[in-house]
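What follows are several structures.
Next come two complexes built around subunit A: one with subunit B, the other with subunit C.
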Partner chain A sequence: MNVGALSRPRSSRRALLISLSVLLIALVVGMEQLAPLFRALFPDQDPAMYERESFLNLTLAHLALVLVSSLVSVSVGVAAGLFVTRPAGREFEPLVSTLAAIGQTFPPAAVLAIVVPVAGFGFVPTLVALVLYGLLPVVQNTIAGLGTVPSQTLEAARGNGMSAWQILWRIELPLAMRVIIAGVRVSVIINIGTATIGSTVGAKTLGTPIIAGLVGNNLPYVVQGAVLVGLLAIVTDLAFERLEQRFSFGEGGNAE
Partner chain B sequence: MSVPHFPTSDTASARLVANRVLVTLLGAGLLAAWLLPFATMSPNRLASGQTVGLSEALSDWQVIALLALSAALAVAALRRPLPRELAHGVILLASLGLLLVTLYSLGDFAQRTLVEKSPSARVSQGSAFWVMVFCCALAAIDAFQRASSGWLLRLGYMLIAGGSVAMLFASGHFDDLSIMREYANIRDNFSDQFITHLVFVGSALGPALLIGVPLGLLAHRRVRLQGTLFSVLNFFQTIPSIALFALLVAPLSALGNAFPLLGEWGVKGIGAAPAIIALVMYALLPVVRNTYAGLKGVPPATVEAALGMGMTARQVLWRVEIPLALPVILSGLRIVTVQAIGLTVVAALIGAGGLGAFIFQGLGQYAIDLVLLGAIPTIVLAVIADFTLQMLVVLSKPAGTRR
Partner chain C sequence: MIELQGLTKRYGETRVVDDISLTVEQGEFCVLIGPSGCGKSTTLKMINRLISHSEGKVLVGGEDITTLPPERLRRRIGYAIQSIGLFPHWRVADNIATVPKLLKWPSSRIAARVEELLALFQLDDEGLHDKYPHQLSGGQAQRVGVARALAADPDVLLMDEPFGAVDPLTRDTLQAELARVHRQTGKTIVFVTHDMDEALRLASRVALLNAGQLVQYDRPAELLVAPANDFVRDFIGRADLGLKLLSRRRVEEYCRPAQRTRNNAIASAPITWQVDANDRPMALLGGRLGEPETARTVVNPEWTATPEMSMKEALSRMVWFRVTALPVLDGEGRLLGEVTMSGVMGHRS
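Then we have the complex of A and B:
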């Protein structure tokens, strides 16, 4: 996934992460200070700054939504991935893998829409949709990551007298961690985007100014929301890239 | 894909049951049929209705058919008396049968009920219906994997299943269902938006391939470019769809205003132009990445042999490298197609139309049927595109390596 990390020196990626994070925080806190700029750019728009809610609140609500859903997705997803790779659940592995693959072809916006009849409008349906959708990459990568652990390694651990639990905790999970984190990364990035669309079903997120702007034909609102959510996604992705590298063995993060 | 046998613990249940997945699915389906509403009845389009259980909704023969087919599945899940291969066949047939009976029963219930009700009354599917359909599909998928069947059999089964469902729809059997009445109201608009949706996907794929494949070639030939190229493309992929659509709105509307001629060609802030540009931007990373990976996978010895035979660089590219890289490039196309179908939904928010228009219109009016009319066709479209391109990937592999 992280092809981008291939040839760039790590220090420049770190500098990029730090500077974009600073920019994101500055914009979240100080977007209101840019009002003169937006007034100059869009002279015809009367309220050139989204003021119904502070951007700090919107960002925090957005993050809360993504954080809660990702926590649930990751715990359920890793548990499911572990279950189908143990002897007791191995029979379910092909079905769960296929389900995760087919499920990811479902458009996130359609999943969000389908949850509404069941869960109503607001925070809950968005959360449910995010959890359901976020599960799939985590399950898939947990299965894939555990599958990359060489059987000789497992054999050696068993020969050393390690119990099944010890093998899982000390061998399998550490070796699979990079691939699992890559799955979490995909899941979180998709969730940041889907949460934005969640504002169409009444969740308070950074998508709220975007939708308000699109509906009310107010471009500054659109730009303000979109820049923040775009930066948020990129910063998160870069942070995960570093996290992945920390868990890579051998080739120093160049494993593709 | 192929997991021929499963090491199961030697307990009494393991000796009795050969297919625990099927038992689980059957249990879930029956539990849902027993506890959850099979259908709902409401006085009009927007009101919420009262629920109807499976036993009230189905006629006697339908209940008997459901039970008989479930019993067949239960027998097929046991280790004896059916041999494994025969059991897989039984599962495939019985789950298709169950699916069709479930669908037929719902339409039949709507027809019988609405005869005596006011014309504005609506019957819609309940949660038990969805669970049952879902379990049938999963049982069939699992059976295919156990039988480790070839792609031809899968294709045939998909065509038969899809064909029978399509025939049920075409015969007007579901016309009394709420969602189909909603469809009847918007029939012309629906086909327009459906075509718009397909046009968007198509007009994003064309440029994406035209730009992406050469870029992949370039990345393969010029190693130094890779880092920057993939970083930039990865940035595009990371930006949430609605933000990318929205960010294109402002510059494009400025462009359209500044050059009225461009505006006449359709370059303006909302509508098709930003949607297609954003779709192409999203599509580039998978196309470039897979083209690059496909070319990288071509054995250097093969290229050398081709050069040694006196082929020119151009001939090597077209007759050796691209044909050998084709399966991987097509896998990229598969990812991109599925992704574009999903992203076009979001494009409706910037006024581009497509099936997403129904979703967001329906969400605005709290008209669930309208939401489903947008969401279900999108999902079906994505799954069909995924399956078709998967077939193409298989067919593009050299004959001996297909499976």
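Then we have the complex of A and C:
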């Protein structure tokens, strides 16, 4: 994916982002208009269009879940990454990295199985699973991003009389931002996909038609849910790609 | 201006800087020099508290540096390093404005100061103001690094091998610029290098360190003429001590009156300059190695000298062009006098 990003001119990436966003919005609000198409493609399926819930509602619920879980992952992950790269927290670095890695090795289904008995069905267990799942890339990339700031740059910042806070805000975070955002990007993309699993424990997401289709042997349901999830992931990824580029300051960057 | 009193840095049991005491007067250009690992950088960084000292005292402007918050101290002391450490996400102008911004100068004053420094370092004519560090050449980046160190007009400037990473030609230019800036601003500078030629060129005082200890602290000429011990002699390099000495001397110190003639006739002196109506030398009569005394050699701009030229360079030109004398010219190309091979040998201070 990144190879393509480098080889294609930036303007065409932007056109792609815009057209796919338009397509996504059109499908979210107008999927019902495609009913004749699905009936023609799947003549044997009786309801060939998922109608128990509007796709708009499903998408918004899906987005809400991803947004909340990502906000939590990002704030906890960045805070943890910052903490272990300060002098006071340096000794906790191995511990935090390990914990975050363990969080990701749990299969999401296993997390759901553990959390449901405690937190019940629906939104909350899915949220917990997504937060645990999204933490690792953020923590890892925060640590890695801050690690890329050259020690001479930091020495120059100290030597010119910046305080620890000023160095963090004016030098370290801006320079690490590109790598941190790359971590957030991975985290969010994973969560967009993983959130569909939440439907197995009753969370309302774009996974709901997919699960319903799998259970009821209804292929059109699966296609309708999957197309939207896939498009949402691609559009989000392209948007992050643009955001990352804003924070590149070296050769080939576009720090305009 | 800067006083080190029994300054010591210990890491565990090792004393990497061991009981150094020296005073750098206001306006002095002090060069710390010594072999790799002798503690030059450590000594320098203890002056602005990038490294805390274990024993002893550092006074800057009469004040003990431990009585000030480190950030306040560092904003009063310029700091430039070899790797430059320009902030890659800031434009040249923002980089230069680092300390004035920290000091919350009004933006109009900052802008004026940035322009002034760009002009001082001859960086103003290339639209450099808005460039990012990765768009600069090594020499330009070094200049910006030094300009940033000077931005808030600190009395003291600390520099750690600032020209270590550029090619010899650029280094030469940068040294000349720094010498000029030092003359123009009268800053007190402490400068670390391990290049003796750089030290001799820039320093008004040289502190030679070895294994954490101060071996000799003297004016460059004294260091050359009266080295404290064999280590100093070895470090300066015995082999080209004479040349080093000449590199500190300027042609004007050796210049003596020249014998002139307006025609081809050989005068009484062994070396005679044939000059034109404007007193510009046209040819050297005699004074060419391996040629008869009467040989006439047309003066070539490459084997002339100026009063500001180092004697080392003048001698080098004599050797290269196989002449025993160079005409010393003023700005208009008029003959001021001559320097000769025998004159080099005769002069000693």
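Definition applied: the second predicted complex is superposed on the first by the 242 of 256 C-alpha atoms of A that agree within 3 Å, B and C clash if a C-alpha of one lies under 4 Å from a C-alpha of the other, contacts with A are read in each partner's own complex, and residues count from 1 in each chain.
By our rule, a residue touches a chain if its C-beta (ideal position, glycine included) is under 8 Å from a C-beta of that chain, and two chains touch if they have at least 3 such contacts.
Keep in mind the model is a prediction, meaning the values are calculated, not measured.
With subunit A as the common reference, subunit B sits beside subunit C without any clash. Residue contacts after overlaying the shared chain place A:Phe83 against neither subunit B nor subunit C.
In the superposed pair of complexes, A:Pro174 makes contact with subunit C only, with no contact to subunit B.
When subunit B and subunit C are set side by side, the one touching more residues of subunit A is B. In the overlay built on the shared chain, the residue A:Glu155 is in contact with subunit C alone; subunit B does not reach it. Of the two partner chains, subunit B is the only one touched by A:Ile102; subunit C is not.
With the two structures overlaid on their shared chain A, subunit B and subunit C come no closer than 13 Å at the level of C-alpha atoms. In the superposition on chain A, the residues of subunit A contacted by subunit B and by subunit C do not overlap at all.
The touching residues of subunit B, when paired with subunit A in their complex, are 1, 3, 6-9, 19-21, 24, 127, 138, 141-142, 145-146, 223-224, 226-228, 230-231, 234-235, 238-244, 246-247, 249-250, 253, 269-270, 289, 338, 341-343, 345-346, 349-351, 356, 359-360, 362-363, 366, 368, 371-372, 374-376, 378-379, 382-383, 385-386. Residues 48, 50, 71-75, 79, 81, 83-89, 98-99, 102, 132, 134, 148-149, 158 of subunit C touch subunit A in their complex. The touching residues of subunit A, when paired with subunit C in their complex, are 150, 152-153, 155-163, 166, 170-171, 174-175, 249-251, 255.
Partner subunit B is touched in their complex by these residues of subunit A: 2-4, 6-8, 87-88, 90-95, 98-99, 102, 105-111, 113-114, 116-118, 121, 189, 192-194, 196-197, 200-201, 207, 210-211, 213-214, 219, 222-223, 225-227, 229-230, 233-234, 237.
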